[in-house]
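So, here's a batch of structures to check.
Two complexes are shown next, each including chain A; its partner changes from chain B in the first to chain C in the second.
Coming up: the complex of A and B.
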């Protein structure tokens, strides 16, 4: 069942999207109607105006999901499941042709030769000004300047179209011819081309580690794939073409010899070590530029214009062959399209870091599968499940081992026949250490439970200790003055600032993480209880006092009910902040937890997993908040009416 | 008359601007990434602007603290070349389909150590006693890789260990506190701290005998490699020259330690354990078809995501930029 759903996730997404669009339209229609109906009886600013309005909630959810579907390419995949594969084939051609394009204005505004000449000229200009006069003799300095002048001549010759050798010229012509042939091929009708068996057997888009299947699965894709294969040969050819004008040959061998002469002169014994280093350094930088010129990678601009034209022609043919795909791409695949890297095709733009909703759900289902053997859970621990908790573990945690030590008697020793007879003292030690079997109770387990447990325990401790302290601070001069500096000093410190200390004090177990969360919750609870208590109207307290209420009765029946709204709001805030601190707390020493999963997922850039953890935390936070709203509505109906 | 004057001024202004910016495109810049506290000879070339001179462009260096961050910066287009990226982040990036290339080996160094708490009586001869104990490992890093290699070499079943994900500094602290029995560490300062209270589970010699080593790579975005192969080549050339010129003299060490942000002693110790393979050696031993790089990448891929297809990672190794 799960397999089937997972396999057909594109179709499911297609259905969901239609439902979402319908939901959006209906909710807007209903919402507008309702608003128009009520408009006349409502006054602006009346809190009653915010009641109800399910249709706007539905509208908001639909909008959010539709935006998510759109920018994650979920819409594109739902209705054009083959598009990514075709885009991948186009990207293959792009990848293959890119070295040629990079040398031409069509790809990088300038001819590569223009950039090279400009760059080399700049460097030569700089070299001329930097001839070290103290280590080279005046003759040598002239010689160096001449060499640099000759290098300029080399560039001038290479840039002169009339000096282009017949061989280079014919090679370039052949290249243009081949590119044109390729363009014609792209314009041909692809319907007769059939994808291979192997290609059709690939996992579908998004179903395996390799996101987009690489082999072409449509006839249009096959066409692009074949053309890309042929273009690869053309690119190799292009990379091999060199421009060596005849006039350059003489200069090159001449300059080579003169540089060699300078080097030989350096090796003679006339110079000290520092001078040799300086001479070599300078000669090296002159030679470096010379070697580049010797490579023959500078071409006259006019010679490459035809290649540029041919590539433009190929681009036009590509657009023609893409046909409707171009429209689909610009409408349904926001971002930079598909890019082919050396090993696979990947989605670029928002889809790179925003996984599709259906993929996130599938990832969540895998994660929440309690069957570890079948690949469920994360790092061998389920997301949310139960297990048998041996009772002795709990006992072992609470009972100190020293109980056995102070019990009278001796621990057992091995007897002469090699047997060991445990005494009561031994049994007691085993009990205290949690090694004696005492039965087991069912207990919740998993990453989610561990995180929940940490938050809930911290919150409970925060409320139990924070609320009384806050109330007393609200009514007692001693409590207020004694604790105020303490609380106010530690409250503004960001929780993560405690992290290095926590690790040293508590070690790597749960108590450190709980303590970190507790500190957050505690401060919030103290502040809110105090505000609530001190905000009680004096007239109410006086009234109850004159009616004969004792101190504890005033506290119990007047101050506490008055502080309740503030306290419960404090709980709401504390829950939110605790969730927020959880990820930081679980970085400390990660073994389990939602924050731990997110931290590990980040190191491998597993965006699906990252989004699953974000959504789990968001949804859990929302659930807690809904529960708290319900509690507030039930327990303190007087809120906002005092 | 006035309008003539105006247009003349305008024309002169435009001409001045155009003349002042001859081929603004030619003066492009290259962004390179490096690690702080990771001393390499090419930092001399970096400080002396030898890269800028040889490549004819401005080279801007940005320091990073993790290889994953380097990958992210390269994907977003802020960085063109990463010098000394760890093999682990490179491999995980490739597995996610990132368009990157390995073009050289920056540093070969001893595998990161796993420190066993002093007094626990565990060493390489009785490592199986680790089973059931707690180990701090920074997951998905080169230290994680080294840890798994050690354990498989010493026949320890990792599924019986309680593995805690901790950053090196935290792991060293937990080891000192006795919260963990072994901590796998990378980075000079943390390793020093862990060495105070622990002993490496395998000695340097044992690591060499077992063939466990690690290395950092030079990686570059495919886009940059395609569009500016001559710049990449010049970069590698300067790096090679800097490596060849490295004699570990005091003057050189001072320069490197200043740039690496470490004191002289630490720099000296760190660099003493580093090997900077020459271009010829890289091509022959590391970057070939079944070279060390391809094999290590394949086994790393297996460790981190169970993707046994090492051949796909091997495709991103390109030694052609080494002259």
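Coming up: the complex of A and C.
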């Protein structure tokens, strides 16, 4: 069932989107009608103006979800499930021809040769002014200037169309021919092309980690894929073409020799170490430019113009072959489209970090599936489930071993006949150590439960210890002044600043996180209980005195209930802050918990999972608050009415 | 010998900020016999609340003693019940639990306290309101709850600090009758502080007019109106000539005191 849903998520999304659009339209129509009605009714202000209307809420929800669907490419995938695969094939072609384009104005505004000549000239100009006169003899300095002049000549020769060698010229012509053939091929009708079995067997878009299937699954895709394959050869060919004018050959061998001479001079003569370094440095910079020129990658502009035109032609053919896909892409795939990297095709733009709603739900369902074997849960732990908890573990945790030590009697000793008869004291020790089997109780389990458990335990401890202390601080000068410095010293430090210290002391187990959260909850509870207690009206305390209440009874029956509103507000705040701190602590250190999941998801860039954890935390936070609001409404209806 | 006796009571407040001293009460001497009804009247700031707080045991006198039944008052006690200007009710408890608060503190048997609570709620005219939250009651009803809460504890002396101050005229009159009835029926010693001269006359077997700076008893009256109030309607009493005469006399007295304060100020 789940698999079926997962496999057909594109169709499900298509249905949901239609429902959402309908919802949007209907709610706008109803909303406008209602508004028109009221505009007529009201004369002086609308008494109901602060009340909402379900239709605007529905409209808002629909808008939000539709925007989500749109920018995550959910709409595109729902109605054009093959589009991404085709875009991937187009991207393959683009990737393959990009090195050629990069050398031409069509891809980078200038010919690469133009840029090369400009750069080399700049560097040569600079070198000429910097010939070091102290380490080179005057003759050598002249020689260096000559070499630089020859290098300029090399560039001039390479840029001269009349000196273009016949071989280079024919190679370029052949290249243009091949590109044109490819363009013609792109313009041909692809319907006869069929995707391979292997391609059809790929997981659909969104079903694998790589997301977009790489092999072409449509006729048009196959066409692009084939063309891209052939274009790869053309690119290799292009990269191999060199321009070596005949006049350059002599200059090159000549310059090579003269540079070598200078190097030899450096070695033979007895220069001091610093001079050698300086000479070598300068000669190196001259030689570096020379090697670039020796490579023969400078072409006359006119010679490459035809290649540029052929590539433009190929682009036009590509657009023609894309046909309707171009429209679909610009309408339904906001962002930079699909990009082919070495091994996979990836969505670029908002879709990269914004997973599709259906994918998020699917991810959540996988995560919340308690069946670990079937791939549910995360890292071998379910999200929220239950397990059998051996009772002895609990006993072993709470009962100290020393109980057995205190018990009268002796531990068993090895008897003379080689047997050991355990005494009651031994049994007691086993019990206290949690070694005796006591049965098991069902216990909640899972990442979410671990997080909840930490928050709830810390909160409970914070309330149990913080509220009494706060109440006493609210009524007693001793308690107030004695504990105030302690609490006011640690409270202002952000909890996350404590985290590294506490997590280091306690290790990454639950204790550290619970203690950290306890610190947070404790301070909040103390302060809120104190505020509540100190706000008790004097007349109430006096009245209860006159009615015969003792001090402890006044604490219990007057001060505590009077502080209840502040205490509950404190709990509400503490839950929020604890929850926030917990997630951060789990991100810092932990092996379970919702923050742990998010942290791991972050390191592997699993955006779906990140969003799922964010949504889970948001929903839980909201639930906490709703529960607290309900509790407050139930327990202190008298708040502010006394 | 169930008398309330004040001997040379002095109360001086010192203000740590200004260093000034206020003689809130100076040389207060009086004896109140069991069952007497005393009303205390005086301009604002003359020390009425201070006196009552001292009798209740909430504050200790600077010098002098107050004693009840021969025992010196050193702190709050059940034998001295207090009714505050504003109910000082526990808003987190319903009416019945407010009333039986004192009984619960003493661990009285629940069945017995239930009987007592029902009885007193009946007397103050609040039967059937046991489960109502106090914040849903009117001001007059709240004062009646406060009265019941005090009386259920069976104190020997009832101290009331402007208990009817916040009530409208009609409710006030009803409550005045109620106080008189309770006085007669229970025979308790009652001290009632009020700002209203009429109320002081109606609810005072004895009446102290206090004067400020230092706070002292300026004049004392013995009045017949409280006795009369048990038989006749309060409105009729107010029509009587003796009543108006005393009223005018006291009003002039207080008026002069206020003038003096203003003059000094």
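The criterion applied here is as follows: the second predicted complex is superposed on the first by the 495 of 642 C-alpha atoms of A that agree within 3 Å, B and C clash if a C-alpha of one lies under 4 Å from a C-alpha of the other, contacts with A are read in each partner's own complex, and residues count from 1 in each chain.
Assume a residue touches a chain if its C-beta (ideal position, glycine included) is under 8 Å from a C-beta of that chain, and two chains touch if they have at least 3 such contacts.
Remember, predicted model here, so these are calculated numbers, not experimental data.
Of the two partner chains placed around the shared chain by superposition, chain B is the only one that A:341 touches, whereas chain C remains out of contact. Once the two complexes are laid over each other on the shared chain, residue contacts for A:132 go to neither chain B nor chain C. Contact with chain C, but none with chain B, is seen for A:637 once the two complexes are overlaid on the shared chain. By the document's definition of touching, neither partner reaches A:400: not chain B, not chain C. With both complexes placed on chain A, chain A has more residues touched by B than by the other of chain B and chain C. Of the two partner chains placed around the shared chain by superposition, chain B is the only one that A:102 touches, whereas chain C remains out of contact. Once both structures are placed on chain A, no chain A residue is touched by chain B and, in the other complex, by chain C. Residues 22-23, 25-27, 53-54, 56-57, 68, 71-72, 75, 89, 92-101, 134, 136, 139-141, 159, 162-167, 170, 173-174, 177, 179-180, 222-223, 226-230, 234, 237, 304-305, 307, 312-313, 315-316 of chain B are the ones touching chain A in the complex.
Within the complex formed with chain C, the residues of chain A that make contact are 537, 539-540, 542-550, 553, 557-558, 561-562, 564, 636-638, 641-642. Those residues of chain A lying in contact with chain B across their complex are 95, 98-99, 102, 107-110, 114-116, 118-120, 122-123, 126, 209-211, 285, 288, 292, 297, 339-346, 352, 380, 500, 503-504, 507-509, 587-591, 596, 599-600, 602-606. Every residue of chain C that touches chain A in the complex is listed here, in rising order: 56-58, 75-78, 80-82, 84, 86, 88-93, 101-102, 104-106, 133-135, 149-150, 153, 155.
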